[in-house]
Amino acid sequence: MTSVFDHPWLGGLFSDAQGSAIWSPEQQISHLLTFEAAYSRALGIAGKVPSDMAEQAALVIETFEPNLTDLKAGTLQDGLPIPNLVAQIRNAAGKNAAAVHHGATSQDVIDTALVLTLRELTILLDQRLVELTAAMVDLTERFGDRSLMGRTRMQAALPITVSDRIATWMLPLDDHRVRLAQLRPRIERLQLGGPVGNRASMDDLGQVIADDMAARLGLGNPPRAWHATRDNVVEYAGLLSLVTGTLGKMGQDVCLMTQQGIDEITMKGGGSSSAMPHKQNPIMAELLVTLAKFNATQISGMHQALIHEQERSGAAWVLEWMLLPQMAAATARSLAVANKLCVAITNMGNCK
Amino acid sequence: MTSVFDHPWLGGLFSDAQGSAIWSPEQQISHLLTFEAAYSRALGIAGKVPSDMAEQAALVIETFEPNLTDLKAGTLQDGLPIPNLVAQIRNAAGKNAAAVHHGATSQDVIDTALVLTLRELTILLDQRLVELTAAMVDLTERFGDRSLMGRTRMQAALPITVSDRIATWMLPLDDHRVRLAQLRPRIERLQLGGPVGNRASMDDLGQVIADDMAARLGLGNPPRAWHATRDNVVEYAGLLSLVTGTLGKMGQDVCLMTQQGIDEITMKGGGSSSAMPHKQNPIMAELLVTLAKFNATQISGMHQALIHEQERSGAAWVLEWMLLPQMAAATARSLAVANKLCVAITNMGNCK
Amino acid sequence: MTSVFDHPWLGGLFSDAQGSAIWSPEQQISHLLTFEAAYSRALGIAGKVPSDMAEQAALVIETFEPNLTDLKAGTLQDGLPIPNLVAQIRNAAGKNAAAVHHGATSQDVIDTALVLTLRELTILLDQRLVELTAAMVDLTERFGDRSLMGRTRMQAALPITVSDRIATWMLPLDDHRVRLAQLRPRIERLQLGGPVGNRASMDDLGQVIADDMAARLGLGNPPRAWHATRDNVVEYAGLLSLVTGTLGKMGQDVCLMTQQGIDEITMKGGGSSSAMPHKQNPIMAELLVTLAKFNATQISGMHQALIHEQERSGAAWVLEWMLLPQMAAATARSLAVANKLCVAITNMGNCK
Amino acid sequence: MTSVFDHPWLGGLFSDAQGSAIWSPEQQISHLLTFEAAYSRALGIAGKVPSDMAEQAALVIETFEPNLTDLKAGTLQDGLPIPNLVAQIRNAAGKNAAAVHHGATSQDVIDTALVLTLRELTILLDQRLVELTAAMVDLTERFGDRSLMGRTRMQAALPITVSDRIATWMLPLDDHRVRLAQLRPRIERLQLGGPVGNRASMDDLGQVIADDMAARLGLGNPPRAWHATRDNVVEYAGLLSLVTGTLGKMGQDVCLMTQQGIDEITMKGGGSSSAMPHKQNPIMAELLVTLAKFNATQISGMHQALIHEQERSGAAWVLEWMLLPQMAAATARSLAVANKLCVAITNMGNCK
């Protein structure tokens, strides 16, 4: 178990049920099949295969349950799961196999499935940004008028109010929502290009197929594949890290406020120590700092992965697979933790 | 000379005249003074000082030439140049010194000056994105119909056209322009908060002063300082790295196309070798790859710097100073190099 | 499933059986218990508790099987698993509970367990470096005399031999083994400090306890805890990334050699494409590049985590947990893949 | 001026005279010429050219002052300065031009010059590590017995002494010296390979030439070039970041100790504020944190640059040029600042 997010006991600290559900194997399979079913139906609409055959294939796909052992072996063999998945589906589709995947490429499937995942994630993040804002408004209502020493460069400067401090946590949240809204049209795009990205494998029907699929999936329809232009995915990752960075700043502030001698905040439910029962560790606040630094680390690799070679890169694309799901998990967890932290706060301002 | 951008001979490869001008010491001083002059006048408008005194102070500021030796010593002493700069200005302003900087804080000056710098940079980048698109359109017109082997995972896949390949370089450029336009209102914001960010140092006149300054400087006017919420600056840095990443992909493709045995591109003006006069090295294409990886490295530090403590952080803020100007220089240079590379291309497609 | 290393199907590509075994939950529990048992016995040796009681406690610990559900809940509560684990153990130890953990701190346990893990990893890595060297020697014997075009800056330069190329893959391996040997005394160190790192919680017996534990566990015995000085852990991570970087260079070379038009290498067992049955993708070579870039990304976060606050930092320490196991998994996998790749090569040199 | 290290006023905060001298243009030219002179003499020793001619050429080289304007133009043209530098030298050498550079390649010159630079840097760093240890021993003597609240996870834990806290700053310094000593033989290696790294360009005399040069320059003599195997350079960069990380931990601790309410340290010479004359900002301590995060950022790019293609990579190598000198500057500055900070401390322990 190399990942804290899925770890049998560390997962208690790091995992988030809703975030995990979005990236679960079941949901990933579901999105892969959503692509394949839509593609089969679009082949029927475009007249590449008879519409009956297309519909029959799509129905098989929609309820298909892949053999995961085979899928794992196929992924080792081919470097990605789609060739094996398609073989499994075609076998199940029997006489309708010709309506399955022909003309598409593995990256079309995986990237469109990613987009469907990110669409769900966007909804979750936006909702949590709203909830967190509400939690901070509530905090402000409870403690905003209390006095607090303003601190700059770690030094006491001049008195402020608790609402001033909370404002620096809260104000970026609205901008994050604006950013999410602005990048949705750039990320919620059908990926459909065929083997070399130009839809030539679909003869002259690429546009018809793409139009039908995009409408069916509720996605934007760019003129060609974005197999090798990953600025939209990397921009999305950047937003994830902006969010965790904002919350990391909040976490750092809370850690500083909890210090004995500073005593500007009290919380219920802090962590206990194996050696010092008197201590209450600010676990949630520290975790916000950690998750921010984690995403700030990963974002570099995402930008490195912008350099795709030619029509499609294996090396750069696979690097995304290693980084982006973790960034998403960290962000979902960070938002949940920040909200929980706001609720746990029992006093702010001079607490001595 | 630790920086390649300012290096006596390596600067030949890395520096860009227009990009350097934007970040020159002269221009930086000019922006710092622009803030101070606008602030003095706003103090007059708000009635904090007599309007005559304000105007006299502003006139002194506008033509002020700071003693750089003192400024350097002051920066060592105080960790930033503003206390010394303000002392120099007040000395020059004589009896009008009361209209200089009172109520503002160093970060107000430096960040607003940064915003003025970034506004100039945005204009340069946008213009270069337009020019680069035009250069790629021209390339497409010259060679777009030529056949090219489409390559995926470094392997020959299926034939495409040169225009297909160029499309993967060109399509993100429009999105980058959209991103620039969308983030302008988030970054082109007056920084004005006073020592602890809440404008309390300006009594009840903070809003009046800020309104006047924002109008005067053509900047947005947020309700309070963004001293410790750096998501706008980091978002801007992210865009810089998205641009260099797009161009790094182009550079990597060109490097691969130049290989003997592949022979898909020819250029004039390649670099020569000290040992092999027969070689023509794809210097410009390699540089695009290097600059992309450079920015992909720096962006991580920018995200780490989101974690500002309390009202203002010295440590995190100063990290921005170390990273962002270099990212800007790399991006300006990358766009110039990409354009130069397009013009240098003498053949694309099968060139044997 | 956020991690490719543990993923139901992507794990086929990324996971390594031996590497995973070292970091398995079972093995991690085993190492945690190894610490606790050794600590109990050392308490007996030092006379802090009767030696019978110490031995009885140690025997309970050695066969203890923690309730993982409770451990997960405890980790959420406390931010780390040890308080709950110790409570579970003490409950099982009954009247001997006083010989369990008293005077130690959570980080003593977790870090010493980490050191035991890294000792196993070091042995695995060293063995694989030896095996890989042998595989490269074998490659050299098979193809070393063949001619190859030497290429610099992606350009044909002058002819070399296959052995010249392989030498650049092989030569760093010996240095990596030297590095491993040199850092073993710095990383294979007992962590024992008690709550604030100075062993004061063990009265005057800290040295006796530490001496006994270090001898028992075969670890070095520094004068005090290294809770907050993580240079040894980060240095270890650096070596992991040096190894994957070396192999990434090999992978990149192989990818370039496989290009049609270059045709300098052939392999058996390449990956197939869902769209192009004629293609043989260099999956293993690409994976080496990806894993190198992955570790090169993570290493930054490890260095950021050097900044521990005061006697022990939660935020920085937990960041290590998120990064280091993945770096280890990537490195173990990279070495296995490189070896497999060497074996799969069926021809090198001019292969047309 | 994109770099803080060379900046007209920010340089006051960031630059270090001794560190800058090592990387000055004059010193860099000197090292390039040292290589070329040694190479000429070695050509004479090996009998490739008459020994008189070799000596005459070497004498010309040793006092040569290149035209920097031409060198900059040549660097733009060729992507590196050596072709132009060699042309300038040959022109000056006149009839002895045949004894200049023939058989060597640009990277031989630049990398050997880098090694000579790093040797000087190593000596500086080692000396500063010794001095800093002494400064910390002195601090311990002055304040070590004072009581201090031990803090873990930002919370008051149990009392320690000032010497306990200082020990966490000091103990890694010795290990850093050991690391420096251990890596010296790996980095202080002659780079000599000729155009494709195998010394074939020197006929059968490569070994003789290399032996003579290595002895003359006091460098190790590896069996072939390490043009494309950069683990030694990246390992060196890793050590730089370990050092700044150690000092960043000290800086963070000092920042935390200065907080009003904590009051555990006092210093003379803190920075002043433009808005709050009563404040004393811990500029030096913050700078240590910043420099640590800076190097932790850069180290990622150095590891990315391990992936050199084939015999020599332009793109990866040039990335080193952009990163390593800055890391060196940050490290030299960090050690100087840490020393200065120790001297500036006027009280530690409970300072209220």
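Should a chain be cited, it is by its letter among A, B, C and D, assigned in written order, with residues numbered from 1 in that chain.
Here is the rule we go by: contacts are C-beta pairs under 8 Å (C-beta built on N, C-alpha and C of every residue); 3 or more make two chains touch, one makes a residue touch a chain.
Since the structure is predicted, the reported quantities are computational estimates derived from the model, not experimental observations.
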{"item": "B-C compared against A-B, more contacting pairs", "value": "A-B"}
{"item": "Chain pair equivalent in interface to B-D, over half of contacts matched, among A-C, C-D or A-D", "value": "A-C"}
{"item": "Separation of mean Cα positions, chain B and chain A [Å, integer]", "value": "29"}
{"item": "Whole-Å separation of chain centres (CA-atom averages), chain B against chain C", "value": "39"}
{"item": "Numbers and ranges of chain D residues touching at least 2 other chains", "value": "79, 151-154, 157-158, 195, 201, 255-256, 271, 273, 276, 281-283, 286, 289, 293, 296-297, 300-301, 304, 314"}
{"item": "Residue numbers on chain D that touch chain C, as the complex places them", "value": "79, 150-154, 157-158, 160-161, 164-165, 167-168, 171-172, 175-176, 178-179, 182, 186, 195-198, 200-201, 222-224, 226-232, 234-235, 238, 241-242, 245-246, 248-249, 252-253, 256, 289, 292-293, 295-297, 299-301, 303-304, 306-314"}
{"item": "Residues of chain C touching chain B in the complex", "value": "149, 151-158, 255-256, 258-263, 271, 273, 276, 279-282, 286, 300, 304"}
{"item": "Interfacial residue positions of chain C with respect to chain A in the complex", "value": "1-14, 20, 23-25, 68, 71-83, 86, 101, 103-106, 109, 194-195, 201, 251, 255, 269, 271-276, 281-283, 286-287, 289-290, 293-294, 296-298, 300-301, 304-305, 314-316, 318-319, 321-323, 325-326, 328-329"}
